[in-house]
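When the chains are written out, they are named A, B, C and D in that same order, and each has its own residue count from 1.
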Amino acid sequence: MSAAVHLLPLSVVLPITAGVLAPALFHRRHNACSWWAITAAALTLATTLTLVSEALDGGLVRYPVGGWPAPYGIELVFDGLGILMGSAAGLLTLLILIASRAFVQTEATPQRHSLFHGLVLINLGGMNGFLAASDLFNLFVFMEVFSISAYALVALARGPVAALAALKYLIVGAVSSMLVLLAIALLHAQTGSLNMSDIGDRLAAAQAPAAAGLALGCLVVGFLVKAAVFPLHFWLPDAHASAPSPVSALLSGLVVKMGIVGLIRTRMLFAEADIFSLVALDLLLVWLGVAAIVIGAVLAMIQRELKLMLAYSTVTNMGYIALGLGLATPAAVGGALAHMGFHALIKTGLFLSAGALVLSTGLSRIDDLRGLAQRMPVSSAALTLALLAVAGLPPTAGFVGKWQIALGALEAGQPWLIAVVMSGALLTLAWAIRIINSLYFLPPARGQVLTADEAPLSIRAPILMLGLVAMVGGLAGAMVLEWIEPLSFRILEAGHGH
Amino acid sequence: MRSALALVLVVVLAALMMAGVSQLPPPGEADQAVHRHVAANYLADGVEEGGTGNRVTAVLLDYRALDTYGEVVVIFAALIAVLLVRSAGGPRTQPPPRRVPVSPVVDQVIRLMTPFIALFALFMIIEGHVLPGGGFQGGVVLGALMILLSLALGPDRLRGALHTGALFWLRAVAPLAFTVSALAGLGLVGWWFALPEPGWMREFALVLLELAIGFGGAAALTGFFLSLEEDIHR
Amino acid sequence: MVTELFDLRPVLAPLVSALCALGIVLLGHHERWRIALSLAAAVVKFALVWSMLPATLSGTVFVFNAGEILPGLPFAFRVDALGMFFALVSSTLWVLTTIYAIAYMRGSHALRRFFGFFALCISTTVAIAFAENLLTLFIFYELLTLCTYPLVIHSGTLKARRAGRRYLAYTLSGGAALLAGMALLYHLTGSLSLSQPGLVDPATPPKTLLILFVLLIGGFAVKAAVMPLHAWLPSAMVAPTPVSALLHAVAVVKAGSFGLLRVIYNVFGVNLLASLGYTAVLAVIAALTIIVASLMALRQDVIKLRLAWSTISQLSYIVLAACLLTPLAALAAVIHIANQAFAKITLFFVAGAIEKRTGKTRVSELDGLGQIMPWTMGACTIACLSFMGVPLLAGFITKWYLSAGALAAGMPIYVAVMMLSALLNATYWLPIIYRAYFKPCPDPSLSREEPEILLLGPILACAAYVVLLGIGAQAPAMPFALAESAVNFAFGLELSRP
Amino acid sequence: MVVLFAVGLYIVLTSQNLLKKIIGLNIMETSVFGLIVTSGMVDGGSPPLLGRGLEAPYASPVTHALVLTGIVVALSVTALALVLIVRVKRECGSIELDELLEPEE
């Protein structure tokens, strides 16, 4: 129990405190506020990374909060998911904050800057808490923390569209939170405890399979909504398209992944309890994944708006992750987890570079962005790199997840799934090429001369870095996969060596 | 057509839930799972460990302190979200609103009652750890008082009274207090969010936290009301 | 006999022109730099590849392993005989094509982009040649598609863009099929390495073997323009001549057929395929392609389209030869890669020169060109004769070995196919020669004057090489010996040739 | 509790007016809180206050704590929703869903 253990709650409390202080300290000095936020995010990233190194060699990092042991007090656990998504959340929030220095000037009025930075930091704290929570109710509370900040951030943009989209997102999110709370109530009534592994052990004794089934159903539906998996994804396109780009990057890249994390936690809980086989759940995930991949890609192809296409591509990639989890073979689950991490990286790059283009030209339809590459070479290059990555071409980061899921499909004896994975990749490539085409090869439409000038350095640096990392990410595939190996095994058996 | 579809969906869901809930152990029996396990432990600890009579406050502030911390953060996030999302600022388009026509009787009653309500709210907050009550409930009462006052005296005077800078700090007091106590816990006892050893120190910490939550809650409520009120009249 | 030798050269060769591409993009706007860089890269690459020739001839194999991208799949290069052969052909031709392109493209638009992608294209081709496993090969195979796409739609007209879209559709779906096949192969054997004569273990159920065969061959067949999947080739003729020369004689098409050879010899292995009998079906398809494509070539009046259709039929020579599964036929397949490349590129250069010099693009307009451009037309005649299989020229050797191979394989029918195709070749090449020499030139204004030296040089060099290949087949330093060692390796037997 | 939840959900799904949706949401929330509290109730039990001379059996403090936190969360979500509704009203002129969706389609 080395001192590093105490860093775990720090990774939650630090960003939140910084977020809380931001509006108070800076409601007048605006740009100082963004530096404050960036330093806070950097510190959180540092804490998470030390935790990662600790967890990598030491195994699970457990932290009983307030000194009370597990079933009585709340316990924070830093496991594989924490490593993967915690580091992704820290790094990407830092990059988004750096990039949003330029975005926020145009989108929000001055005095709201400090509020924006405050919410982003609270969102980061909420996500870190959500990843580390092994107590069901604590999971719910942190879910609310980052959901509320997400609802508000979507509504940041001026104009009615953003407000309506945020409202839609809020209502759907609130309904899904209520479902999760209902499930918590049911589980608590049966087992008396709130700690997930504790519930798992006691659930069998409660002999109330229907109630446990209902709880499982509510939890799954709740988290599917949060993860925007196919049938329950309708809130995502409007929210992501109308939100300012750094916010949609935050949403698509990270917040949506938290839904998947919730799903994994539920699966681990019920696998441990093993009252009934989870085959039905896996089958559901597989079918939802397949539907999400195809329909997401098709919808993305018929869109005219750039950011809407990216939003639908999030639905496709969520479909891949759901498919990988549903197949429940080590390769597929490993692929799904790797894809979660890599997709967060790629999608943030995509939204930020797209945002850079939209910001400086003020146009968001693809046809208006024709021939922009000459005017904005760096951001178009970053967008192209990220687009190739999201399409899953071999050397890029997107390829690793797809390859592993295809292998998993074979292991699970469902070869036809490979066709789905491939067609998803092809369809994504189709609309990606359409964007690249209009950026590089088509003359400006209707002869209007694009007077846009290149995005400021504070945007170009992060997006170029993200683009390059996405392009070359595939080469690190083997390392990341064997990093995730223990986690995917733990998820599958919900290893009793919890 | 849409409503018919929704109706069918809801009925199906209700049937499912009915089946599920009915399997739960009937409420009210003393010996079923809920009481045996964790709750019993909290109750059994008794006064000496918990240091507070009101076990609910003990659970809230001691055993599951992180939940309450999360909750306080949620309230704060909602507050700055409201400020962020409010429709664009800009000067008032309409003339300053004349006060809501409040009959003199109501006006006098409010002025008369204010001190008592305030006292009651404070009592609830401070005595929270012994008698039923506690930070949130006290905070809500205080918030309600603020709203009543703004009705009676008119929002501008109320808003004027609170200096904007101070308003921000007041709003941030709850989460900050919690962080400080968490750090104190780390320092003194060695765990985050732990409360200091029983005795006067723990009482003091509890009261401090209750006060912070109470004022934080009140500030949030007034914040919500003021921004809503301002938007509607804008 | 095969000693694995770690060496940096297999990586340096593709890297050189990749760096050159980067250089061109960065400082290519003024012409001097652009030419200097492309030429330097071409020569350096040429030298590097040739420097490895003596070692490969003597049996040592250079290996470069850059660690694992995915579990069990290293990013590695391995210079074996077959890879060396293909790299040799492409790097030699690339030097000539660069010279030709510099002259041909002078004055046209967006040259910086053109030469950048041009260099990138060839670096991927050489990387494909040296790839040690299917994954590395697939990475560069897809990159090749993406690099050639901007070249195909270089002129930017609507027709070019539509051709580009069709080209992408075909090649990318081929790539997807290939990826699916690779997943299946990895699932069955746990590795994708191409370093042994046969990877698939014969015990696997025939049904999966069939699916694997169809997927892998289908993937490569698209780029090798085998009949049902060839439609993209004629429409891609809209590209400027050096691009279609590079595309259809050296890079893209050959990569497809090279991949096919790899699959047949390295993945399945000769004896396994002989037992399975799938290659017989493929041989029939290839034969059909040869005949039908030749018939189509007859009907084309535009020179470049005729060349395109003749390429399709020539490529199927390689496929047919490979499918006969006898050492002699295999030798024909490997040799034909070089013969077809040199002959076809000469014809493309000639077509380009004619178009540049006289603006004529149709066969019917070629009357009397023999007098106006004797040297160019002389080279053209050599190339045409070589296609017709006239002895002492390169084409003859392939036909000779192919028929010998067919006889050895006990399938005389294919000898008849050879004869028929030789006849068909004659019917569509002779009119060009006849018109050029025996018809008076209708347009008096054309004075007797050769195209500029930069165009004529490469034409003559290629024609000379065709002759050299024909006569000096047995000469020591010639690629023939290399082809032999490739075949020995594939068949694992020692050919008695000195 | 279940009926209340179903009613709330029905309102959220079908009501045209945004405000009604929020009210429906609140009904759902109250039903869930009701379920939590009742699951912690004990017949004839006394509130969990030690040292005040009340004897066992006590109601479970855990459920009370959960509900407290739940209510606060529900409050914040509703507050945010109301502000959004006011903003939609000001900027779109109406909060009837069918009118709002016309201009966009």
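In the analysis below, a residue touches a chain if its C-beta (ideal position, glycine included) is under 8 Å from a C-beta of that chain, and two chains touch if they have at least 3 such contacts.
Not measured: the values here are computed from a predicted model.
Of all chains present, the one whose mean CA position sits nearest the global mean of protein CA atoms is A. If you average the Cα atoms of subunit B and of subunit D, the two centres end up 15 Å apart.
Between subunit B and subunit C the centroid-to-centroid distance comes to 75 Å (mean Cα coordinates, whole Å). For the pair subunit A and subunit B, the distance between mean C-alpha positions equals 30 Å. Rounded to whole angstrom units, the spacing between the C-alpha centres of subunit C and subunit D is 70. Shared interface positions of subunit D, defined as residues touching 2 or more other chains, are 5, 9, 35, 39, 62-63, 69, 73, 76-77, 80, 84, 87, 91.
Counting partner chains per residue, subunit B shows two or more touched chains at residues 17, 21, 24, 34-35, 38-39, 42, 64, 67, 70-71, 74, 77-78, 81-82, 85.
Chain contacts in this assembly follow no simple pattern; the graph is neither a line, a ring, a star nor complete. Screening every pair of chains for touch gives A-B, A-C, A-D, B-D.
Across the complex, subunit C meets subunit A through its residues 66-71, 73, 75, 135, 138-139, 142-143, 146, 149-150, 153, 156, 161, 168, 172-173, 176-177, 179-180, 183-184, 186-187, 211. Contacts from subunit D toward subunit A in the complex involve residues 5, 9, 12, 18, 21-22, 25, 28-29, 32, 35-36, 39, 62-63, 66, 69-70, 73, 76-77, 80-81, 84-85, 87-88, 91-92, 100, 104. On the side of subunit D, the complex with subunit B involves touching residues 1-3, 5-6, 9-10, 13-14, 35, 38-43, 45, 47-52, 56-58, 60-65, 68-69, 71-73, 75-77, 79-80, 82-84, 86-87, 90-91. Listed in rising order, the residues of subunit A touching subunit D in the complex are 137, 141, 144, 148, 151-152, 155, 159-161, 163-164, 166-167, 170-171, 174-175, 177-178, 181-182, 184-185, 188-189, 194. On subunit A, the positions that touch subunit B within their shared complex are 6, 9, 13, 16-17, 19-21, 23-24, 27, 63-68, 71-74, 76, 108-109, 111-112, 115-116, 118-119, 122, 125-126, 129, 135, 137-138, 141-142, 144-145, 148-149, 151-152, 155-156, 158, 163, 166, 182, 186, 188-194, 202, 206, 208-211, 213-215, 217.
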